[in-house]
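Each of the next two complexes has chain A plus one more chain, namely chain B in the first and chain C in the second.
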Partner chain A sequence: MDSASAIDAPRGARLPTVVSDRLAKKYSRNLKERAIEALLFLAAFVSVFTTAGIVYILVKESVVFFSQVPILDFLTDRQWTPLFDDAHYGIRVLLSGTITSSVVALLVAIPLGTTIAVYLSEFASPRAREVAKPVLELLSGVPTIVYGYFALLFVTPLLQALIPSLPGFNLLSAGIVMGIMIVPYVASISEDAMRAVPMSLREGSFAMGATRLQTAMKVVVPAATSGIAAAYILGISRAVGETMILAVAAGMQPNLTFNPLEPAATITAYIVQVALGDLPHGSVGYQTIFAAGLSLLLLTLMFNLIGFWMRRRYREVY
Partner chain B sequence: MVTDMEARTQPKAHATMLGSAQPGAMPPGTGEEPAPPLKAESRRLSFHYGSFKALKDVSMPVHEHRVTALIGPSGCGKSTFLRCFNRMHDLYPGNRYDGQIVLHPDNTDLLAADVDPIEVRMRVSMVFQKPNPFPKSIYENVAYGLRVRGVRNKNLLDEKVEESLRGAALWDEVENRLNEVGSNLSGGQQQRLCIARALATDPEIMLFDEPTSALDPIATASIEELISELKKKVTILIVTHNMQQAARVSDFTAYMYLGELVEFDKTDTIFFKPRRKETEDYITGRFG
Partner chain C sequence: MSAIAPSRTEVRRLIVRARRLDVLFVALGIVALGIGFATFVALFLDMLIDGWSRLRPEFFTQFPSRRAGQAGILSAWVGTLLVMIVTACVAVPLGVAAGIYLEEYAPKNWVTDLIEINITNLAGVPSIVYGLLALGLFVYAFGLGQSVQTAGLTLALLILPVVIVATREAIRSIPGMIREGAYAVGATRWQTVKDHIIPYSTPGILTGVIIGMSRAIGETAPIITIGALTFIAFLPPPPVTGDFPFLSFEWLSAPFTVMPIQMFNWTSRPDPAFHANAAAAGTILVFMTLAMNALAIWLRFRLRKNIKW
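Up next is the complex of A and B:
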């Protein structure tokens, strides 16, 4: 069909269906788009699937465990002795170690991390920040096993010089070193949150005759509350889930105590111990690690929910 | 009192004439009254951002209890000049002042090395282009300047907060919600909150850096009215892109171009009988 006949076509006749090359659908491109879409979906799906799989295994194995150990005993028993003939399964023993060491770690990490963040974001010269931030982030690259030995062989002797009665394995030393390990996370995320506070707010504060410190503490930190809270929550999650430092430096003795000067086992340290093969596969003792793992998961989930809630509650609109 | 009324209403009347203004047409009632006393003056003020010279030898008076408008095309240095008055440039490294800004009656050079910029900012407050209330309650926003000065007396704070909010024509709207967050207010209210904040510390000079450029016409009108009201108490310097606004609110106008002060005079003179050709071109819209 040539163009002349298309123009001469009578009214109501179909227009020619020739689409110019530029407007025509390109099937190869269409296919590529769909392939990429599928790939992206798959990537997202894998992470969700993994999480679901972990939860499934934990719950399934825990059900087996709880069919032999009443859940009430699990929650109320004051002893944790899965290896003994007279076995007790009181998770509170392991929880106490986890909580105590985490509290010590946070007492170190939160003040130190926040101070560093305020300094880096509000006081440091651009050059100082350029140097300090990568060095700080390097700290988070140190393997935790190295931190563990640092705690056991350096910090503990140091503390023993101050507190002679301190045993070689203790929660204090492990907690302090764990705190140092978390500092970069807390500092880095808090600093990002503070730097995201618009300059106009700082200028407004300075224009009112505020000093740098007043501007930082009265305007920038409150404006960055949600981000700083997120940093703390992440720090807590790290502390609760940390394994190696505690396995190495805190001793692996289950001990129901909130005294950081004593040795104790945490949930994570216990799981390591069992996973190393002290218990026969399939025994009740072996099943305990799933129940312990589930407890840990619920604990961190709780903190994440608190963090989520806090972010929504205190989110600032600039 | 009568002169005050005149000062406020006259520029408005002229503004309506602007469209057909004949440069050189002499408006009635200008040129006789003696110039009001000086509140501040810049003397051969130059300013550098690193190696870039943003202000060149600017010498300009600021008259007490009058509104002085700074106009000129973007990048002419008017905001830079304004921000010299409260040493805002000190916040960023690499900035350098030459020359003086003398504050009367005590003859202090605001830019002198031994002058504390924080003290300067307590005497010269500022309202910004975009409303920037702090993420605090309305009350705490206004009380901020007093709090950073260490004022703890609750009665004094209450009194000053109310006085400032009334001064910024915001009290009636927020009286019952002083504990709400400042950012919940509308844009115009937020800007008035920022004005109240700047007023609370009894400044001698208030700087306005394009205070209405983020606001709608109604909010703009209320801010302009407020500025005319505020000059009874403080001396005002305002940067504006809007020439009608300069004509409406100011008593004196400075036209700046490329970091230089081209012309400074009474607003009527600048708008109706500029001495310089460049000013006339800008005012009449042939340039900029």
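Up next is the complex of A and C:
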């Protein structure tokens, strides 16, 4: 029972105390608190289940796939024809499309994103920043299927006017639009990194007579290098995982090429293509999408881990 | 000596040049921002012009059709609405509960670290991988079928990190004295959370939920991956029926299509007449996400203005 008040009591009799019974620890209330905590914990643990589920499903189906297709063929074959009678499973074919489109996207996103980040962090007035940032966020909120439509029916005809030999499906227009899509992402992470650079460094630079641009390029950007690099790497991860723009505008024809003027399927576009058809559950063709998904997951995971590691590094400096 | 040290005019020239570069860079920055905005404007106007002829009331009340001129988005917008209801019903309670646990309850140990690493990591997983998870787990292992509930659950998992992060940020901005005050008058942990933490963090949580939902509305890849049909000329059974008990959950397991999939279907057809339909559907889609984002931005702005602890 109430041991604290019972200790000093002569012959076990209870002294009248100011502490009322209503404040004593109640069993039922304690139980309720515990139950709620357990429920909340379970909700938080869903994220762990999700990751476990993703890894389990992808690995399980891929193991079946790799028992039929040697992993060496998967990595070295120069053809990807899983739906033909003469089936070949060379992931390099899909990987080439993914890499080419991502490189195009980065060639757009890195210069634009970095310039915007430097401008917003070092030059723009707080008011301009207040307006520009939400509008940039809107740009990243546009559904990717809409970007796909834009790439196929607006950017491709525009590019065809410049390059008449450009086919209707090509990696170039998909890559450019994808680059525009990840600009806000690259810009906002780089800007965060630059604003984390302490003001004293800038003041020191200004005191030596440097201009804003000199301070930005020679002091702020070098100091924020790892954060900016993290922004680029997370941008790559976004580009690699992007699906709809490529499925719509780059065609779904597997093509081992690094030429952005050609049509080519990416890993993600291939998964969409198979999902749109009606392959029977359990066939090798069906399992290829899980093997492709596993490759995709490993690729993005690698970039994400490097990115997070670099982001943490710049935080520790100051 | 004087040969090494620059003369006064040379220094002046250097300064002028550096200043000019400064101005040049400002122009460059504005141009870069302009390219972003111009793309957005071009995208929206292009779709609006292409789809304008289709943006009529009938477009919302007709089923998709083989004839482009008669096709509408009735099954698509109803499907989107139903899927969003499932998504919200799953993602909001789970995400808010997870956020509360991590901010208010979680002890500092490896389990908490594990959960936090998982959430950061899940935010970076490509959406199509969630589609593969749903295909393997919800469709085949749990037997939920290629239905509204599968799509809703998939999108809920997809936006869970967004809701959790928003909840945590909203809770973190509540000062510690609020909690101390509650504990001081004898409230338990849950009472503090229920009566103080949740009400004060509601606007912040709402912002995160709206942004997450606007992302879910436009997601196409995971829903294609679970095998949603692209041609649906019927509606799911209604949730309210005439007979007792007046509520039906059959719509949960009905086949469905959603706005982005309908748009994808029309975009990938070679016939340009269908492209006008795609443009009209895209305009509506962009308008919906824009409206949701604007609402979220406005909420965040109001929140920052009103609350002064």
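Assume the second predicted complex is superposed on the first by the 264 of 318 C-alpha atoms of A that agree within 3 Å, B and C clash if a C-alpha of one lies under 4 Å from a C-alpha of the other, contacts with A are read in each partner's own complex, and residues count from 1 in each chain.
The rule is short, and it goes like this: contacts are C-beta pairs under 8 Å (C-beta built on N, C-alpha and C of every residue); 3 or more make two chains touch, one makes a residue touch a chain.
None of the values given here were measured: they were computed from a predicted structure.
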Fit or clash - chain C, chain B, common chain A: fit
Contacts of A:Leu153 with chain B and chain C, given as first, second, both or neither: second
Touched partner set for A:Gly204, first chain B, second chain C, both or neither: first
Chain B versus chain C as contact partner of A:Leu298, first or second or both or neither: neither
Partner chain(s) touched by A:Leu31 [first = chain B, second = chain C, both, neither]: neither
Residue contacts with chain A in the superposition, chain B compared against chain C: C
Which superposed partner A:Ala275 touches (first chain B, second chain C, both, neither): second
Chain B versus chain C as contact partner of A:Gln214, first or second or both or neither: both
Touching partner for A:Ile71 - first (chain B), second (chain C), both, neither: neither
Smallest separation of CA atoms, chain C relative to chain B, angstrom: 7
Those residues of chain A which chain B touches in one complex and chain C touches in the other: 211, 214
Chain B - residues contacting chain A, complex: 86, 88, 91, 93, 118-119, 121-122, 125-126, 128, 130, 132-136, 144-145, 147-149, 183, 194, 197-198, 201
Residue ranges of chain C touching chain A (in the complex, touch as defined): 18-19, 21-22, 25-26, 28-30, 32-33, 35-37, 39-40, 42-43, 46-47, 50, 93-95, 97-98, 100-102, 105-106, 114-115, 118-122, 124-133, 135-137, 140, 157, 160-161, 164, 186, 188-190, 211, 214-215, 217-221, 224-227, 230, 260, 263-264, 267-268, 275, 278-279, 282, 285-286, 289-290, 293-294, 297
Residue ranges of chain A in contact with chain C within the complex: 23, 29, 32-33, 36-37, 39-41, 43-48, 50-51, 53-54, 57-58, 60-61, 111-112, 115-116, 118-120, 123-124, 132, 134-139, 141-150, 152-154, 180, 183-184, 211-214, 216, 234, 237, 240-244, 247-248, 268, 271-272, 275-276, 281, 289-290, 293, 296-297, 300-301, 304, 307-308
Chain B-touching residues of chain A, taken from the complex the two chains share: 125-126, 198, 200-211, 214, 218-219, 222-223, 316-318
